[in-house]
Each structure stands twice: as C-alpha cells, then as structure tokens.
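Once you scroll down, you'll see the structures, which are given as structure tokens.
Both complexes shown next keep chain A, but they swap its partner, so chain B is in the first and chain C is in the second.
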Partner chain A sequence: MTAVDTPVEQTAPPSEQDIPRTARFFTLSNVSLLFIWAVLIAVFGLLTPETFLTTDTFRTVLAGQAITAIMALALLMPIAAAQFDLSIAGSMGLGIVLVATFMAKLELGVPLAIGLTLLSGVVIGLVNAFIVVGLRVNSFIATLGTGSILVAAIQWISGGQQIVAGIPQSFTDLGRHEVLGIPMSVVFMVLIAVVMWYVLELRQTGRYLYAIGSNTEAARLAGVRVNRLTTIALVVSGLIASAAGIVFVMRIGSASLDAGTPYLLPAFAAAFLGATQFRQGNVNVLGTLVAVYVLATGVKGVQLIGAPFWVDDLFNGAALIIAVALAVRSGRQKALV
Partner chain B sequence: MAAHTEEAPLLRIAGLSKSFAGTRALTDVDLNLRAGEILGLVGQNGSGKSTLIKVLAGYHRPDPGATAVLAGEEFALGDAAGAADAGLRFVHQDLGLVPSLGALDNLALGRGYRRSRLGTISWRAEREAAVELLGQLGYRFDLTRPVGELRASERTGIAIARAVEGFTQGARVLVLDEPTASLPAAEADRLFEVVRRVNAAGVAIVYVSHRFQEIFELCDRVTVLKDGAHVATRDVPDLTEPGLVRLTIGRDLEGPSARHATAARSEEHDVALRLRGLVGEGIEPFDLEVARGEIVGVAGVTGSGRESLGRLAFGSLPRAGLVEVGSTAVTAGSPVASIAAGMAYVPADRLSNAAFVDMTLRENLTISRLRDVYGRRGLLRERERQETLRWLTDLEVKPCDPEARLATLSGGNQQKVMLARALRLGPAALVLDEPTQGVDVGAKRTIHDIVRRAAVDGAGVLVLATESEELLALCDRVAVMVAGRCIGVFATAGLTADDLTELTMGTAGTVADGTSEAPTDSVGAGSVGAGR
Partner chain C sequence: MKTQPHLRRAAAIGSVLTVAAAALSACGSSAESAGPPASDEQLDAAEAFVEPYREAPTSIGADTPVSQAPSGSKTIAFLSCNVEVCIKSQEAGIEAAEAIGWEGIAIPFDGTPEDVLEKVRFAIDQGVDGIAVNGVPSATFSAAYEEAEAAGIPIVLGASPDVAEGPIVVVQDGIPEFETVGEVLGNYIIADSEGTANVLLFEMANFPIGQQIIATAAETIEENCSSCSAEVVTTQVSDIGTNTPGIVVSEVQRAPDVNYVAFADSVMTSGVPAALREAGAADQVRIVGANASAGSLENVRNGTEHGYVQFSVTYFNWQAVDAFVRHFNGDPQIERWQMPLRLVTADTVEGESEEDLLFNLPTDMQEQFLELWQATS
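On to the complex of A and B.
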C-alpha cells in the first residue's frame, strides 16, 4: 500500500574488499589489456621478427597514434559525465582548416593562429553545452548535429580547397622536432594526458564528473553544479579536439578537409576499451592510452603479416563493440550505453 | 443492501494465506463480494491489503488451501491470465499508463488496435469506441493529448475505462487499489462519480482506501484487515466512523489529538530550521519550526504531501514561501544554496537519488564537501581515506573499507554511508526523507541512534516517514499531513503508533477539530497548530 516495496536486503558478495589494494589493482579483469598487449607483441614478434620488433615500427606506432590518443583524451570528460561528444571530429577538422587558413591565407603569426584556433574549440564546446544543458537536447543528437554543421563550416571556410602551400616552415619544423628522440606530437599527447589525469583523478572537477556520470540526480542533490560541470566537459573536449587539429597540421604540413572523421571511431573505441581497465568501468587516462596502443599494435602486426588495408577499421569497430559489451556485462556504464 | 444477505456472493475467496520467506502476510483470509455492490477494503499499512490484491491479480501465488469462486465457477489464484479470464479487472495505484501517449493509444495497449480491412489501424473505429466508453464514464477530453498532461482524475478514469472495457464480454469485478491516494479532494469527487457509473453498469467493485470518509461516501459494505487477518465485514450504514477506526486499529478511540496536542513552541533564537508558508507540489501553505537539538517528524500517507516536503525544503523542487536555516533565508530552487546555508538532505529512494553504486565508499562520502580533503595540489586521497575510515568505524558500516564499491554493501550499510555524507557537513538543519527505507531491522536501530546523536550535537532534524513506529521512536514532535495540509503538530510523548496512523488517515479531523486549527493562516507564529 503506501509503504514503498523496497528491494530485499542483498547480502554483499564476498569480494574485492578482502584483497589488498595493490593486489586488487592487478586482478586479471582489471588489467587484462596489458596481458593482451604482451601477447600481441609476443605473437607478432615471433611471426615477423625482422619487421615487427624494430625501433622503427615502435616509433611509427607511437607517433602515428598520438593524434588518435589526443582525440580519445578529448572524450574522457564528457563520457565521465555520461555525455557524448560526436562533434570532436568536426572540431578537429575545423581546427585543421582554421590554423592553416590563419597562417597561410591571413598570414597571422603562429602563436596568434594557434590561439584563435584553440578559441574555436572553446566556442564549439560552449555551443554544444548550450544545446545540451540549456535546450536539454540529448548530447548524442546535439553533437551529431553540430558535427554536421562543422563539416559545413569547414567547406565554407576552405572553399572546398585543401591548403597545401603557405604554411610557415617554423610551424612544420615544430612538428618534426623531437625531444630526446620522441616526436613532438607524442610530447603534446603526453602533456595533455598528464593534465587530464590530474584533473580527473585529483581535482574536484574530475570527481564531480564521475559522480554525474554515475548518478546525475544524486550528484545534483549532493550539491554538485551539474550544468556547470557538463558545460566544462564539453568545452574541454572541443578545446582538445581543436588542439588535435593543430598537431595534425604541424605533422603533415598541409590541411586536408576531412581529416577529423577517421579519428572519431578509434577515439571512442579506445575510451570505452580503456574504461574496462584500471578504474572499474569508468573512463580513465591510463586505460585510454593503453587501449590506443593495444589497438594500434594489433593493427600494425596484422598489417605486417600482410593483411589488407581495411583491417584498421575492422579492428576498431570490433574493439568498440567488445569494449561496450564488456562494460554492459559488468553492469556499469549504465548511464551511457 | 441488507436484503440479500444470504444470497451466494459473486466472488468468494476462502482460507487465503500467504507467507513470504517465513513471515505471514495473510492468514486464513475470507473475502465475499456480492453482485452489484461496492465493497470497501481497509486496513493500516502492513495489514495485508496490498498482498491480498496482488494475490487476486495473480502477481503472488497464495499458500496451498485457498479457494476462489467467481459466479459459481472456481478459478485458480496466483495466475494472472486465470484472474483475467474469470473476469477480474484491476486498476493499480500507479495506473500503468504511458504518459506520452494519448487516451486512444493507452486504451489500445494490451488489447491491440482495431483493424481496418487493409490491416491498418482503424482510427475511426478506435475513436468512436473510445468516445463512447469514456462518455459512459462521463469524460470528454482530447483523446490524442498525452495523458501525462491530463488531470490526475482523468488519468485514473482512463485506467478504469481500460480495465472495464472488456466488461461487455461478461467480466464483472473491478478492483481499485487506492485510486485517490494522489488525488486532490475535488478530483476525488469526480472519480467517485465514475466509480458509481461503472457500478451502475453491473460491475461489482472492491475499493481499497485508507481514507475512511470515502468508504462512507461510496461503499455498501466494508471489509477490515488487520495484521494479515480478516477482522470484520460490515454493512456501511450500520457503522460509524469511530466504529470503523476501532475495527481498523483494534482498540478504542481516545481522542489522541485532544490528549497530545501540546505542540510546544520553540524559542525564537534556538530555531534551526523554519518553514513558513511553504507551498509547492502537493502542499498547501505549510509552517513548521525545528529547534536546535530537536527531532521533528512529519507523518502522512502517500499523497498527503509528506513525500514532497523534503525536496521542497531542500530546494530540489520549485517552491514558494520561506525556508530559513538559523535565521538566514535560503534561496529557493538550489540544493547548492541550501547546503551552503547549513542544510543537509538525505533523500528517499537511495538508489535513484543518493547512491553512486559504482563508486567507492570514500568517493560516496566525501562528495558532499571536497574542500575538507583538498590540499594545494588537489584531492588528498590519504586524508579522504582517513576521514572515511573514521565515519565507517563510527557508524559501524560493514565492510569497513573506504575502497569498497558501494554496490557491494547491503541496503542498511549503504544508507549509513548516505547519512555520513550528510553528517560530515556538520549541518545546522538535517532533513531525512524515509531514512530507513529498504533497511533491515538491525541497521534501522543503528540509524536511529545516529540521528539522535546528530540532534544531541545540536542539529535540528526533520524526519519524513511513512511508518508511525519510526516517527514515534525518533521524534519529539510530529506534524501530521493530510491531503496537502498540516492538520496539527503533536508531541510524541504518550502517543501510540495507532494514534498517529489514525491521524494520518484524516479521520481524526473530527476529533482534532475542537483543539487544533488548520495552520494555513498562522501569521508569523512559528510552529503551528494544535493546542493554542
């Protein structure tokens, strides 16, 4: 009658809490990606020792995946708060076109061009936040829409033409620069990862974002400013995605128009696959980075064996589905998937 | 009605018992429903009304030995299809409508749409049938408008229409489970009209309610349950309201309101939480003061406004009126502002409103104020862990492990963590909404101790609860809400659970009238109510 039927007391399963903390971290399911990684390296090393286990391969994979990793990092704050940001591909694409246009056509200085391009990412994030928080449109739909609008903007600004000439030497030199033998793109990726790790793990903002993702209403009632934090998450993802665009131009030296899109799915695959690791069902920086490189190692290995070019897409698509299926099985990520 | 006393009943249930894991919810209950009558079914919370209805509807299987006969034919209890085939129809409390669909679609749910010859939905046939059906019940409204936008009584009407639609095919019993629980008084009258029309069409009705006035207004006979057993079945005209109360609570009415309506006024400077002219969802202007160190309860059945009072006070629902913590007015509509003003709130329905089940106990606890565990370089995990460990030890949470995930805890232990989250703020005013919902007996006692300790430490505590026993165990005073209004504030000393339950049923209005005033227009007078 009036009394609410409440669930029967569940007896807590004998679990986690009996295991010491460090040991708990290294349980198989929690770090399974590391084992898979080791197995991949061992298998491909045995199959193609002369090509796979070389520093060249190592460096190609490391540098080649830096932008994918940055894009995956861009997704972490929104996903932590149970929001999608599908517009990161568009933000990156716009970043590419803007930074090249600013430098090659408007002949702005490199710092100003970079600054204005990053600003575009912030603006995109604010627009997304307005639609999601202000207009209460589901973030999946909202960013699907803004993503398409961004594609239009890219075409309009570029006039449909790639920008290949006029990008200053000083800028592309930065992309070819190495620090202690590590390519600059990797350095940028590591910098972003460190800051993101700090914010997610050690700042109030990160804790609040995870709380919102876990139970939005509970977070609101616990005094978390849900709207403000959702806005921050979307602004940061836009900002990082436009930074990925800048790094792209730095590395490649030209601005192609549809360069952002191929990064979208690998970024989601890595973020979700990473969520199965280390932090028990929540997206996290370390898991994301490991996931990016496990996927890349797999793809590279199969390519060296002689698999066709489309194996890349096959791998990432399968990884995304498997990762989310694992998350669903473990009963987490309810809010999102 | 008394004429056909010995006539064979339309529906006869005999020897019905139901046990859940060793506890008896129903013991050897008999129920007889005559053709064409409206039978009231009353009883306190936990008397077995719900279980009885659920057995009838086939949701629960009864213990062996029960028999059920409808119109001379035996049918199996505990089988939903069997009950439906036999001709039983139910309108449950939550109605089971899809709010975003219109009446047409809601009526078609379950039975399927009428088809045209082409196999498409025949909207014209649907519309004509719906207009006729709802017209018979006296309704006329836009059939395509989402039912979520209709009035509460109209929604109930649609649910009833859907339930009785098949009556033309020989079905004949409609069971209404507390249909007025969340209905304003004016709309309840509208609903009675519908119930009478259905009844006039030859349908016998079982009407479950704990509002006794309704029984007297609507029913021919009434069956009383208490502690899972059948107490009595009487003709309503032979009963008085005090008589029915006596049957329901099993003892005489002594006018508890007259005895206990003392409602001590708190001293001005000692007020921890003041609600003045609070208006919002389901609540008419509500006034209450909670002094420092005092535990004040709010009693009320579901639909009385009690269930939204906590959220209104805390600002997570829109409100009008004044809320003060200490002597600071709190900005409306903002949990953040309420917390900053010194109010802490533990919501009802932990899993939806409070728990981060996939996060650790540490993260669940410290979220209420992270700056306590913050250093120059961010969160200090070790300090978090220490503080969490202190609370877990203090509140006897098992397991006592800050890094355990909340999901691995039992309900009682989860609730203790939710309380700790609020208590670590050192709140001046603590608002607890159903603090022991879904909690086992042992944990309940611990939680009560925790709440008392918080009051001793100087917090003013407001407890909103369904259970009379809980309120009496915890509180110094209890405000009683009936149909959105506070009918009085009563000292708990000497008050029994039955007294309180009876007050929440609203019947005691007649008793309390002599001693208490409705609190609607008490200007500036702090705690309201009774015994001025």
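On to the complex of A and C.
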C-alpha cells in the first residue's frame, strides 16, 4: 500500500460552537482593540515616556473622555434596536441649560434641579418615541428634527445668554470631588455603564432590543413588544444625554449653550467602533468604553509627541475606518468557513 | 496558530498609526529657548505699555464729527454669526440705527461661506440701504458684490483682515486694531510674569483676526522679553469645548516650564480650567487671552482664569452705523479708529459691572457716537 492509498483521517476545523464561550470572547478578532490599545501604550510610552506614562496622563484621559463616553452609552439602546437618536446633542444641551437655569435663576435646590433636568430627558425621549413609534417617522429624520427643536428651546430658555453665575458651590464642588483619586465625572460614567451593561447583557430587555435590531418583524412575530421597547430605548437615550448635561455643568461650572453638539459625532464613532468588539456586529457597553479610550489614548499620544492639530482628526478617522474594516473582513472570513 | 494574523494585524495597525503620528510630529513647532534674564528696562517698558489699559477707556477712538446730522429713513442690515456674542452685537447695531431714526434688522448666519453669501443676498433682496458684515473675510460673499453694486447698497465690513473693494466702503477694526490687542496681551504677560513667562499661545485655524492677535502677542513677547519664550499652537473651531482642553493639557505636559497659556478668544477656554485642574496643572499655568465672555469674567473673579484684553463687540456695529452716516453724507470715512481696550484682571472684575466690561467700553460709548453724529438720544 502506497502512501497515496493510505486513508487520511479528515479533521474538520472546530466550529465556533466547539470553542468554549470564554475562549470565543477572547479571540483576537473579537478584542483587537485591546491589542491596538496595548500597542499604542507601548509605542507612545517609548516615544515619550516622561509625559505619556504618568498618572497625570492617565487621569486626564480618563476624566477628559467621561462625557463622551456617557453620550456614547446613551446611544446604545436605540442602536441596539436599530434606531438612531441624533437628538442626544440637543438633549445634553438642554440638560446643561435647564440644570443651570433651575439652580442659578430659579434658585431651586440641587436635588430638585437634577430631578427636573432628568425628567426633561425622559420627556424628550417620549416625544421622540411618539414620532418614531406613533407617527412612524424614520428615527434618523425624527431625531434630527427634535434635535433642531431642542437647539431652539435652548436659545429660548436661556435668552441666548450663557449662564455663568449663581450655580451653587456645592454642585460644582461635587464635580471637583474625587473618589479614590477618580474624578466624579468618571464615577458617574462607570455607574451608567454598569447599569447599561446589566440591562443589555443580563436582562431580557437587552436580549429583546438586540432581537429587534437584528430583525424587527421576526421579533414582533415572536411576541416581542417592539413599540414598547423602542420607546424605552429612546427614553433611556434622552435620560442619559440629559445626565451628561448635568455632569458637564458640574465639571465646568457654567452653562454653554452649544456645548452638546461637539459630542455627537465622537459618541456615534465610539458606539460603532465598539460594535466591532466583544459582540461583533452589536453595540455593547464594554466595546464602546474601550473604543472611547483607545481613541483617546491615541490622540493623547499624538498630542504629547507634538503633532500638528489636524493629526488628531486624522488619527480618529484612520482608527475608525481601519478597525471597522478589520472587523468586516474578519466577519467575511468567518462566513466563508 | 490561527489567531496569529489577527495579533499581527492589530499590532500593525497600532504601529502604523503611531509611527505615522510620530513622523507627522516633525511638522509641529517648537518653543524658542529663553535667553538671558529680562532687563529692568524691558519690564518697565512692558508695564508702561500696559498701564493705560488698566483703566477704563474714555474715548471711542475718534473725534471727527459728521458734516451733518443723519436725516431721512434708512434700513441697515446687521449680519454676523448666530452665537450669543454676535447676537449682542446685532442688537447694538439696531439700537444705534434706531437712535438716529433709522431701522436696523438682524440677519444671523451660521458661519459657513454658503450661508454668509446667502444672507448677504437675502439682505440685498430685502432692499436695505446698507449692510454691515462682521467677523468674516470678504471673500465669503464676494460673489454678491455685483448685485450689491447694482442695487447701490454699500457694505461696511468689521473685524476683518481685508481691504475695502467693490461695494465695501470701509473696513473697520482690521489688522492694525487687532495688532494692538496682541501687543497689549504680549506686554501684559511680560509685565505680569516679571519677565519669566514661558507662554503657549492658542489660535484657531480660519480665524484671521484671532490669529493676528496671537501672532502679534508672540512676537511682542519674543522681542521685548529676552528671558521669555512663546510658542503658537493652532487648534480648530470644532475643538472648542471638546478637544481643546486636552490639547492644552498635553502641550503643558510636553513643556513643564510653561507658566502661561494665552487664547485668541475666551470662547476657546471652555473646559480648560477643569482639564488643567484634573491634570494637576492648575497652579502651574495662568490662563490669559483676548475678548472675555461672561463665563471667563466669572473665572477671572474666582481665580481659575487670570486676565483678558477686552474689547466690546457692541462697539463694532455702532462704528458701522457711523460709517453709513458718513457714507450717506458724502463725508470721508475715519481712516483709523483707536479701538477702546481694557485690561481685565481680578481687581477689575471686583469693582465694575459685568455689563460695562463686556459691552460698554467706554461706558458712555453711545453718547459719544451720538455726539459725533450731532444727534441726541
């Protein structure tokens, strides 16, 4: 018997189901951002060790991105349910103006001011839900419209005037407070992240939201209350965005009228980049936070080596495109197996 | 090993991004090294330059009256951006027009060249008698020159680096006026630091007036203080409130001997005091700049910002009305105004009203203009 005639035992490559869940989670295609993060830290640590590898840099990156991270978290539920919420910038802006107006002009107590501001976020979410669910307007268009209305509301409520005085010291002190050396804005971000992670990963609500996002009609036929959950997603989005506004005023100590707008694109970028990680194809809390901080680490390193101002945008754009392209390619290869 | 390509790919991406960034860092500017200690003469000269600006200005900067009091009915359109400070400027223009029996209309634009052009055309279509445009280069609306000339509508351009051409009858508060702002800022930093200033000066791309302030301030510091250093950092409008605080902190971390950060406009400092505090650098640097907002005045009051060279945005459109009065009279335009400036520090904000510091430089600005126009309020 020649070697050619010898029967060869065929060993099929293990399918994803054969790999333990924990191991699947840590496949490099699933956590590539973590490796990119490690490479960035190593490279910038070598290039500029005296400034990059310091606790000041760690604290600056951590605190500086807290509001962006909160805004990105606000987007997760709507995106999971295949809805856009472009009004989060307006919700944040209105939150900024309202919490400052309640405290500085109407002289309401801090808890009441915070409560009413959060309520405004809920109302914005309900209005968005009415338009999207009740009137069947595409969420992209609906929230683009409400976002514009919110900008008008901000100008009307504030009279076009920045609110800089009258915000209680106790409120801004809270923004300057630290817990174990961690700035409060980061603490709030972590609390919101934990709640979002619990709901999206461990509760039926989260699974249903992903089901809606995956195939709305199939989810509806399977008995998922699509309209109710879409409403919840948009309400939570408005609520978290208004919370971001409160954290902003707490941290900065004044109310700028157009402060929400610059956070919109970074928030979407982080949510979409985060969707390439951990639960590929689905937005998720951990991926979003990692995305926010990978981009921030890269930008910080770029700044510390003295790159010109436009390199920040170049870095952000390139990182987003490359990471998403990598994830798409990885997904395509899986599909071919 | 199946996962190796992913690892290599991830590492490659990170490396490519960082190496590219490192290569690009060669494009960045670096601080000039400081020389011998500043002499007493240099410090005295800086303080002497600044001294007049520590007091409130008393003049609107010109005293040539118009040949005759304005008469008849004219409608002036005031075009500027749609943020708070610009709206205040438009309101001042309307107030100035109404003070002499004319009518003023506010037409805000969003700052994009398309919108500026569209709003200039809108004003022309409205059949106004004059258009005052503030804070944008003339190139953004030069396509409407022909239409304005055909309609016989004069344009007054304010806070712009350009020169008068086409329907533009005069450019007010251009390069020379803002060079003075930069000189005051530079000398203030030299005097305040007693010749020990290592300054990072932040400007915004596509903000020519602000860039002029920063360029002149940097030049002043380098020329007039042998022991000081100045480095200009460019940011973008879109960085305000988001990236700018991080950029400032990173630049301060890169240059630990920096003790002043100066801004072309106070709008750029949004979030900067908080970011410096979180980075533990709040005590290391003093925040200074030009054109304080209400928020920055409050920060000067509470010590998180240090000082500003202040000019009043309401002044620009009172000046614009002056130009229209002279134009319709056939009078020559005033060649050079001495723009009223005020150095605002912690001492200043304690003693004077926010309204006066922001919008009434000098406090009797309106009366002085009316006097020039031979009109009474």
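Convention: the second predicted complex is superposed on the first by the 293 of 337 C-alpha atoms of A that agree within 3 Å, B and C clash if a C-alpha of one lies under 4 Å from a C-alpha of the other, contacts with A are read in each partner's own complex, and residues count from 1 in each chain.
Simple rule for what comes next: a residue touches a chain if its C-beta (ideal position, glycine included) is under 8 Å from a C-beta of that chain, and two chains touch if they have at least 3 such contacts.
The shown structure was predicted, so the numbers you read here are calculated from the model rather than taken from an experiment.
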Have a look at where A:198 lands relative to chain B and chain C in the superposition and call it first, second, both or neither.
first
Partner chain(s) touched by A:216 [first = chain B, second = chain C, both, neither]:
neither
Of the partners chain B and chain C, which touch A:207 in the superposed model: first, second, both, neither?
first
Contact-wise, after the overlay, does A:227 reach chain B, chain C, both or neither (first, second, both, neither)?
neither
Would you check which partner chain A:254 touches, where first means chain B only, second means chain C only, and both and neither mean what they say?
second
Partner chain(s) touched by A:282 [first = chain B, second = chain C, both, neither]:
first
Per the overlay, which chain contacts more chain A residues, chain B or chain C?
C
Chain A residues within the chain C interface of the complex
27-29, 32-33, 35-40, 43-44, 47-48, 51, 54, 56-57, 59-60, 63-64, 68, 160-162, 164-165, 175-176, 183, 251-254, 256-259, 262-263, 266, 296, 298-315, 318-319, 322-323, 326, 330
Touching residues of chain C toward chain A in the complex: what are they?
3, 6-7, 9-11, 13-15, 17-22, 24-25, 27-28, 30, 83-84, 87, 205, 233-236, 238-243, 245-247, 249-251, 253-254, 270-271, 273-275, 277-281, 293-295, 297-298
Within their complex, state which residues of chain A touch chain B.
1-4, 6-7, 9-13, 15-17, 21, 24, 198, 201-204, 207-208, 210-211, 214-215, 217-225, 280-282, 332
Could you pull out which chain B residues touch chain A in their complex?
45-46, 49-50, 177-178, 181, 208, 210, 301-303, 314, 316, 335-336, 339, 345, 347, 349, 352-359, 363, 366-371, 374, 377-379, 398-399, 401, 403-405, 408-413, 421, 434, 437-440, 466-467
